[in-house]
Each structure stands twice: as C-alpha cells, then as structure tokens.
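Working notes, structure below.
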Amino acid sequence: MSEPTYTRTELMICVAARLFEDGATCFIGTGIPMLAAMLAAKTTAPNLVPVFEFGGTGAILEELPRAVGEARTFHKGISALGICDTMETAQRGFIDYGFLGGAQIDPYGNLNSVVIGDHDHPRVRLPGSGGGNDVGSFCWKTIAIMQHDARRFIPKVDFLTTPGFLTGPGTRQAAGLPPGTGPAYVVSTLALMDYEPASCRMRLKALYPGVTVEAVVASTNFELVMPTHVEDIPAPGAEELRLLRDEIDPLKFYI
Amino acid sequence: MQILESGIGELIQPFDMDEFREWNRTRKSRKLVDKRMSEQEAVSKFVYDGCYIGTELYGTVRAPMSLAREVVRQNKKDLRVCGQGVLELDLWLAAGLIKKLDITYIGLEVYGIPPSLRRAVESGQVETCVEWSNASITWRMKAAAMGVPFLPTRSMLGTDMLKYSAAKVVEDPFTGIKVALLPALVLDVALIHVQRADMFGNCQIDGITGFALEMSRACKRLIISAEEIIPTEDIRKYPDRTVIPYYLVDAVVHAPFGSYPGEMAYMYGRDEAGIKEWVDMSATAEGAKEYLDKYVFGLKDHAAYLDLIGKDRLEQAVETRERRE
Amino acid sequence: MSEPTYTRTELMICVAARLFEDGATCFIGTGIPMLAAMLAAKTTAPNLVPVFEFGGTGAILEELPRAVGEARTFHKGISALGICDTMETAQRGFIDYGFLGGAQIDPYGNLNSVVIGDHDHPRVRLPGSGGGNDVGSFCWKTIAIMQHDARRFIPKVDFLTTPGFLTGPGTRQAAGLPPGTGPAYVVSTLALMDYEPASCRMRLKALYPGVTVEAVVASTNFELVMPTHVEDIPAPGAEELRLLRDEIDPLKFYI
Amino acid sequence: MQILESGIGELIQPFDMDEFREWNRTRKSRKLVDKRMSEQEAVSKFVYDGCYIGTELYGTVRAPMSLAREVVRQNKKDLRVCGQGVLELDLWLAAGLIKKLDITYIGLEVYGIPPSLRRAVESGQVETCVEWSNASITWRMKAAAMGVPFLPTRSMLGTDMLKYSAAKVVEDPFTGIKVALLPALVLDVALIHVQRADMFGNCQIDGITGFALEMSRACKRLIISAEEIIPTEDIRKYPDRTVIPYYLVDAVVHAPFGSYPGEMAYMYGRDEAGIKEWVDMSATAEGAKEYLDKYVFGLKDHAAYLDLIGKDRLEQAVETRERRE
C-alpha cells in the first residue's frame, strides 16, 4: 500500500493536533489551530476543552470556525460569555495550552506580530498582538505555529509582541509573568521544536518526512540546540487525512 | 509601590474619572425616552471629527456594519480609534478617517494582514499606533466601567507591548509580585450591534457578549444598532437578559442585517463571498475606493445597501445561521 | 374635616418619599426606604429608577420588597444583574441618591452601623456596613433615615462606617472620595435636617407637626445649626396614607 | 505610588496568586465527570474545620440553606467566614462554628440585629471581625477571579472601615487621585445555590446573579446546590445562559427548596413565618439551640427537613413566587 500524499499544511495540522493533551483547556486562535483542535478532538483528545478568546468555551467543533468570535466557537458549548471571562480564566491559571502564530520568532520563543522594522516607521505593519500577548503571558504552555524560513526564525524579533522565554532562564518570572509558564513547542513547516530546559533555547525535536537537519538549520537564522537524538515525525495517516479533508475542511477553506 | 517601568506610548485618550462621573451625572438621562433614529441621524448627532471611537464586537461577528458605513458616508475625520476590528475598521482605514490608534488587532482573520492597514500606517497617514493586547484594552474599558482609574494585570509584562503602551509596572504591595497597571479608557463614542433592543435602549445579546458589557459602560455616547426593536414589556419580562440598560444608551438604530456580511448568532451566518469581495478589492487603494463607492458612497442608507445585496443572499445567510439544537 | 391620624413611622415615610427627585436613580435599602420609594413612585416621582444593590434596576414596585435581593426588587425591572454592576454603576457616577440608616450619626452626617463601644470589644455588635459605606462613598447625595434621640445623634460616632462630610469641608475629597458627593438630608422621627454648606454641619430644616425646636435640640447631643427660618412639614395627606396603608403595606409588614 | 495608609485589620485569609494558579492547574479537573452527591457527602468531603468559607447569595434569597444546615449538622468548627448573610451565617454563629469573620453585613434585614451575632461577637467567641463593605468584599473576590492580587476602589476611604480592614491607600499614578487597594480573596470553600445545574456543574441562574460569578471563580472548592438537575443538552443548547461553568465546580447537590425558608426567583417565594420562627427563637441562646435541635440535629438530611416543613407550606411558597409577566 502506497503512502497517501499530503500537503505541508496538512502535515502541520496533524503535528499540532497530536500535541493536544486529552482533557486539557486550550486557547484556540484563527486558522491552523482550529483545524488542529478539531482533528485532535476527533482522534487523540476527545475531551479537549477548546476556549475561544471572545467567550466560547467547550464547544463541540462540528463545523470549522473561521473566526474566534463566530457562533461555531460556542456551538453546543458549555458557556458563551465574554472576553473578560476567558482572559481572566487564563490569568488565574485555568488554561493549559495556547496556540500562537507570528511573523517572527527568536531562539527563546518570543513572537512578533506587530511590525517589521521600526515601530514608529514600520516597513510592514502587522495586525497587532490581539490576544497573543495575553495567551503567551497566562497559559501554562504555548505552542507556536510558524512558517519556517530564515527571515522568520531570527536572533531577535523586531518587536517582542508575545513573551516566550524573553532573554533566557528566569527572565519571565523576573518580568512578573506567572511562574511555570512559557513556550513548549514550535510546529513549523519543516520540523517540530521544543526548548532546552537549562538554556530556554529552541531545540530541534523531530523532523518531518523528507526534511533534513541541514534544511532546518539553513532555514533558521540562529543556532538551534541539537538534541542527542532527532525524532522522526510520522506522515499523516490515512484516517487523519480523511478526517481533515472530508469532515473538518470539506469546503477547502484552509487546506 | 514605586513605578518600576512606564510605557512610552501616548495616552491618546486621556481620562479623568471625576469628569466621567460628572458626565454620567449630568449628560446621561435616566428618563425612559424613545431613542430610535436612523443611522444617518445617530452618526450625525454623536460622532464627530477627532472623536475617540470604538466598535464591538468585530467586523465579521455581531458588528455594527451599517453604522460603520454611515461613519464613512459622513466622512467623520481624524478619528482616534479603539482596539480591534476586521471589516469595520478596515473600511475606516481605507477611507482615510483614522488618525490615531490604540491598536490591538486589525486583521482579516484567515485572509491575513489588511492591505488598508498597511497602507494607512506605513504611509504615516495613521500618525500613532499605541499597542495593547485584546485583554488589556478590554480591562482598560472595564476600569472605566468600574469607575476606577486603573486595573492591574500580569499581561504585557517583559515585552515591547508594555514599552509601546501607556501602562505602568508596579510591585503589588500585598505579595510583592509585579503587575502592569492599565489606565482606564473612556471612549467618546461607542457603536455596538445587538440582537434586540427596545426603543429606550435596553439590550439583549444572544451568544457571546465579547466586550459589549465593558464598552457600553465605558463611553460618553453609545449608539446601539439592533436587529430587532422589541416591546419594553419583553425586556421587563426577562430583566435578567438585559446586558446593556437603557440609561447607558443615546441612540437606538433599527438595523436588520446590521452585521452583514458578518454573522449574527442564531439569526444569520456570515457571507463568505461578501467578505471576500472586500478582501480582494482592498488589495489596492483603487480597489478599496471602488468598493467604498459601490457599497457606501453610492448608496443612500442601510436599506439601499440591503437592496443592493439582494434578498437571495440575505436569505442564504439566514439559512446558514447557528441554531440552538 | 378632621386631620387624619397617623403614626410617626408613616410620617417619616412620607417625608422621605417627598425627597425623591423624579427621574433620579436611587439606591434603596431594606425597610423605610422601600416604602418611601413606593410612595414616591405612586405620587411625585413616577419616573424614579430604583436600584437595589444585589442587581435589580428599574423595578416596578407593585409589591413591597422585604429584602434588597428578593425578586420584587427586579419585578418587571429593566435589568437584573449582580452587585458588581450596581456598585460599579454607582462608582462611575450614575446613582443620584442613596438612602441610608445607622445606629449613630454625627454633625457631619457620618454614620455608624458596625459597633457601639470599642471595635475589638464591642458593647453592641451591629450588622456591619453592608452596602452602606459604598452608597455613602459613591452616590451623589445621601439621605439618612434615623430614630431621633440623644444616644443616636452624637458628636462623634463610635465607628465611622459610612462617610458623611467626615470632619468638615474638603475632608471627603482629601480622603479620596469623589468630589461633589455627600449627605443631603436626615429624615428623623422628629424633623428634617439638611447641612449648612459652609460648615458641612447638620442643620435643622423643618419640623414635624407638633414637634418643637426645643424637643429636637433636647434629642440631639451636638449643636444643630439653626436656619433663619424653620419650615413646617405638612402632615401626611389622606391620599398618602391611603396609598401606604391600602396599596403599599396592606399586610402591615412595616407600618 | 507610595502607601499612604494601611488598614490594621488582619488578612484572615492570606493569598498568593501563584499558588491559586497552581491550584487551578493541578487540583481542578477539566474533565466532564458526574459530580452529583448528597449534602452530607459534599460537606464531609470539602468543608473542613478551620477552612475559610463563604455562601451566596444570602439567607433569604437564593441561599444554600440545605448545605448551611449540613455544615451545622457535621459540626465543622473554627470556620473563617466571608461576608454577609442572614439566616445561613446566623445559624453558624448560633452553633458556635465561626472563629473569624471578614464581615460586611450579618443582619436579619427588617428584623434588625441578629441576637446570635451579638452573642457570638460580644462574648469573644468570634475572635476577629475584619470590616469590609459589600462592594469591597465582592471586588476582593473579583480580583481573585481575574487572577490579579488587588483591585482599586474609591470606597472605604476616609472611614474607620478602611482602618479596620486590610486595604491599603495609594495615589493613582495616572491621575493622582487616591484609591484603596483591596487584596484578592480566595476562599477555601464556597457554597452557591442555583436554579439549575447539570451533573457536571454547569449552572444557570434566573434573576439577579448577586456575587455568584465572582465567588465561583474565587474559591478552591465549590459546592453547588441546585433546585433542578438538568440534562447537559439543555446547557449546550443555551451556552449563553451558563454563568458558572463545570470546571469551577467540585460537587453538585440536588436540593429542591434548597433556599427555603428563603426564596428562589420564579420558583418559590419566601416563607415569612418560617423566617420569623428563627428570628423569634434565636432571641435567646436556648431558643436558638431548640431551633437547631428541631431543624438540624433532629433531622437526618434535607429530605427529612422538607418532610417536616410539609407539602402545604412548600406549595404555598410556590404559590407566592415571582412570575414572568
């Protein structure tokens, strides 16, 4: 039996989905996190509690939400309140995971979604933090989902929007961020990264099928910590792809 | 409890709690008076050049789109704008109405960075962007709603967000942890779209409340647009459903499909093609202008807009609504 | 036609009711303020907006509430939210009047409802501030309703629970209380008092039928400011008494 | 932003936001598990001698009376108690269970000062009373619910309330006005009575919400009693009606007439005679003891209590309920 073919986006969604811990509360942002959450709910994390920042908690994700406030984010949900409720719930330690994106990421997992270039005279104005800074500040663990290239994986982000490990061990707590919080993983278009506990620096964890360590290094504009053993990410399974294509995004909104 | 750090961002809407109290005492009637009026009248009466204005919830979800278009139609300029938005703020950016931004997020969601935002900010047309997170801007409104000058948070700390905001970091005098203090935010004008209101302005919302409770209590003037105007008896039968009481409200605009092409929970779903039309046309300044000509300047009012959209598309939007099941 | 007979309580209720300003928002506490508010709504203040601290706003007072949280406090109301909503509404300046009681009052209108005697070893433990301190801090004008005797009208309250004018002109604002707020009237069992603007001290304003200035002075354990002209309070009218007895408190719960 | 004044009252429930975060992370399940149990089981499992405990709303209105009686029955001692109450806290005072009080108001409403409160405090049996206003104790819970160490207020200022509280006065660093900072309050246990809950603890409340939202989010353990247990489908059909989500809840007790002799909005009115019985009997310590013997110690559980009250009186209470009309 031949391996099914799949796109890089489909693979990213599968990798992200596999990171969901069953029964955990997760802040879900627009886009790939939504697809990943749906896939996780249908596979390894049936008791996942999705939280959408504008108030939806515990929705049953039957149809793909296209925005963090739309009715699908509280479809058959357990509550539909407001942004204060979800953000305060996160601030008091109830939200386990947060999924984040950004235009740039640095070795400590800090993210930028505000500007490329100088803040007051930007080369590119990006949408802004949105809930990103809050999610990165309050959630116990954050997972970043990123295009992997050397312009995005850089030594220092142009604008530190969402806190990762800031400038290294202890600096989150020194800044006043809640202890025990911080980045856990980066799901990129090439590989899965985690962080080396001692240095808080990004570390290669696992490669996608067909991707080499050299390719990842070439696409990363800082020194990536190398583990003793690089794992291999399995390709999307047939069932994962079926769910994604037939049940989750049949209208090809994202994939 | 000394100040450990202060953001360098401008407080583009300075506040004074005592002045807000005085406003609430003298400028907001407690009387039950009929506040119904058209978009044209409400915007003309309460939105003014240079005012600090905000909208709720956002562009594709329970958004005051008919009011947002009317603001463009009346060319209200030099606006200082609060927070986050999708289509509604993007229209204002494209129309060149925004001078300063307390920005949290202006994006096209899955469609990415709005070209109108890029053009307006990168050209310098928007003079100032002060950065806030979604939670922190809401808590700024919540502070005003509570009648206090600030609220503490553990967000924004350690980042450039704090640096480019107008927040201040202090040590909590009880346990010694660091917190950021967010200054209260009182808007000059707020635009909020709801499912139902009575003629006095008592409002009910179905589905998530976003930041409607906070914004409605943190503004000097509040324009409500509502899908339905209901009898006050229905409000009084379910007082526990009133999330915005009438005394906060200055104008009530009856705006069926007021959130279109965005959605309205339990009433209609979003029209993806309608949203995509703006996404595509706003790629260039010329395209954005063409869109505004077609959907705003070329039309007299919201009724004309709905005529242009046509019954079929509206019915289709109703068909795709979220249902209670 | 002979004057109707009435009790001292009925008279107090009428005096308090006549102070309601039509169309104003008023915090209503348990007891006499509720009867006064109902009487006002049926007579001179039909557009009164009653606010009850635990969340009821704009109720139509068809039946007498016996507690500040019961359903009659939001009967046909315009909203039924929670204590934060009403107290925050007051803190941001939306509540015009507050009606207050207490065990002791001083010349500056400060009230005590915490202890008689020393706080830590009280002779009498009273119920506590409840919303009293908040109402006295936030509302634009407060009206105290008091038994009038020399043990209650005293130079200094044992425990300053609810702020009046504290120790005189400017002291409320110096303490941080919102400018422009403070006591307006005292409705006692003998007379109606207001405050002399220059000194912020309690001033006799009007006497109840049959009460002399001397009787009020004898029942007041501090020097009451005397106006150039003491007004006379008219006795309850027949219609006021009919409303009170037949419509407002037919079960004789209070009167 | 220096400390201008500090209350001398004891912080009888010290707090640590990071510890509360850790508790919420590790000790509160996110799983949908059946949490139904009896009053006996819930109180035995979660209420303990010396714990810091609070009830919502209050004695005669949507009060967790069946739970409050069970606390007496199980003789949970040395309680440190939050806030305000009528019958429920008065029972605990009469039973000698309360050691320390963050007191706002304990009264018999129109019936005046509770003799049980007087006896308990004036005798020194209650060791400590720390004073707070109703708003400030609620904002203390709100601070914890928000996950911040304090909230500012303009209440309490200039009075002995501030002096005998544990608040601190500072100057607002933005506009220079004075504010009192209220320290966050995290209860060990909270008891809240609602109209409806599902077996997981998702709750709906009709009528005013009092301080249920704040207290439910500011406690380590939450026992819900509910008039009705409803299917989760009904919760999910109206997610916008859930004011307390299940993950905050540790126990769900089915308690019909759980607020009796107090009222439950839209379900039953209060039984004035039932309330008056406590008012009269509690005038003396002996009378209070007799009442407790009759209504608490002499009865096995809430079902036995309702049997003793009898169908007629309960039906009469239902008859006098508030109606939506």
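So that you can tell them apart, the chains are marked A, B, C and D in the order they are listed, and the count of residues begins at 1 in each.
The criterion applied here is as follows: a residue touches a chain if its C-beta (ideal position, glycine included) is under 8 Å from a C-beta of that chain, and two chains touch if they have at least 3 such contacts.
Keep in mind it's a predicted model, so treat the numbers as computed, not measured.
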item: Between A-B and A-D, the pair with more C-beta contacts; value: A-B
item: Distance-maximising chain from subunit B - centres being C-alpha averages; value: C
item: Cα-centroid distance, subunit A relative to subunit C, in whole angstrom; value: 58
item: Centroid distance [mean C-alpha coordinates] between subunit D and subunit B, Å; value: 37
item: Centre distance in Å when subunit A and subunit D are each reduced to the mean of their C-alpha atoms; value: 40
item: Averaged-CA centre spacing for the pair subunit B and subunit A, given as whole angstrom; value: 28
item: Per-residue overlap in subunit B, given as positions that touch at least 2 other chains; value: 17-18, 146-148, 153-154, 177, 179, 207-209, 237, 239-240, 325
item: For subunit A, residues that touch 2 or more chains besides their own; value: 56, 74, 76, 80-81, 84, 91, 138, 178
item: Topology of the chain contact graph, where touching chains are joined (line, ring, star, complete, other); value: other
item: Interface residues, subunit A side, partner subunit B - complex; value: 30-31, 53-56, 66-76, 80-84, 87, 91, 110, 114, 119, 121-134, 137-138, 159-163, 166, 171-172, 174-178, 253-254
item: Residue ranges of subunit B in contact with subunit D within the complex; value: 1-3, 11, 15-18, 146-154, 168, 170, 172-175, 177, 179, 181, 183-184, 205-209, 237-240, 324-325
item: Subunit B to subunit C touching residues, read off their complex; value: 17-18, 20-25, 28-32, 144-148, 202, 217, 235-237, 239-240, 242-243, 245-247
item: Complex contact set, residues of subunit C against subunit B; value: 23-25, 47, 49, 56-60, 74, 76-81, 84, 88-94, 96, 138, 140, 178-180
item: Touch list for subunit D against partner subunit C, complex; value: 57-58, 60-62, 84, 86, 103-107, 109-110, 113-114, 117-118, 121-122, 124, 129, 131-136, 138-139, 142, 153-161, 164, 169, 177-180, 207-214, 263, 265-266, 269-270, 272, 321-322, 325
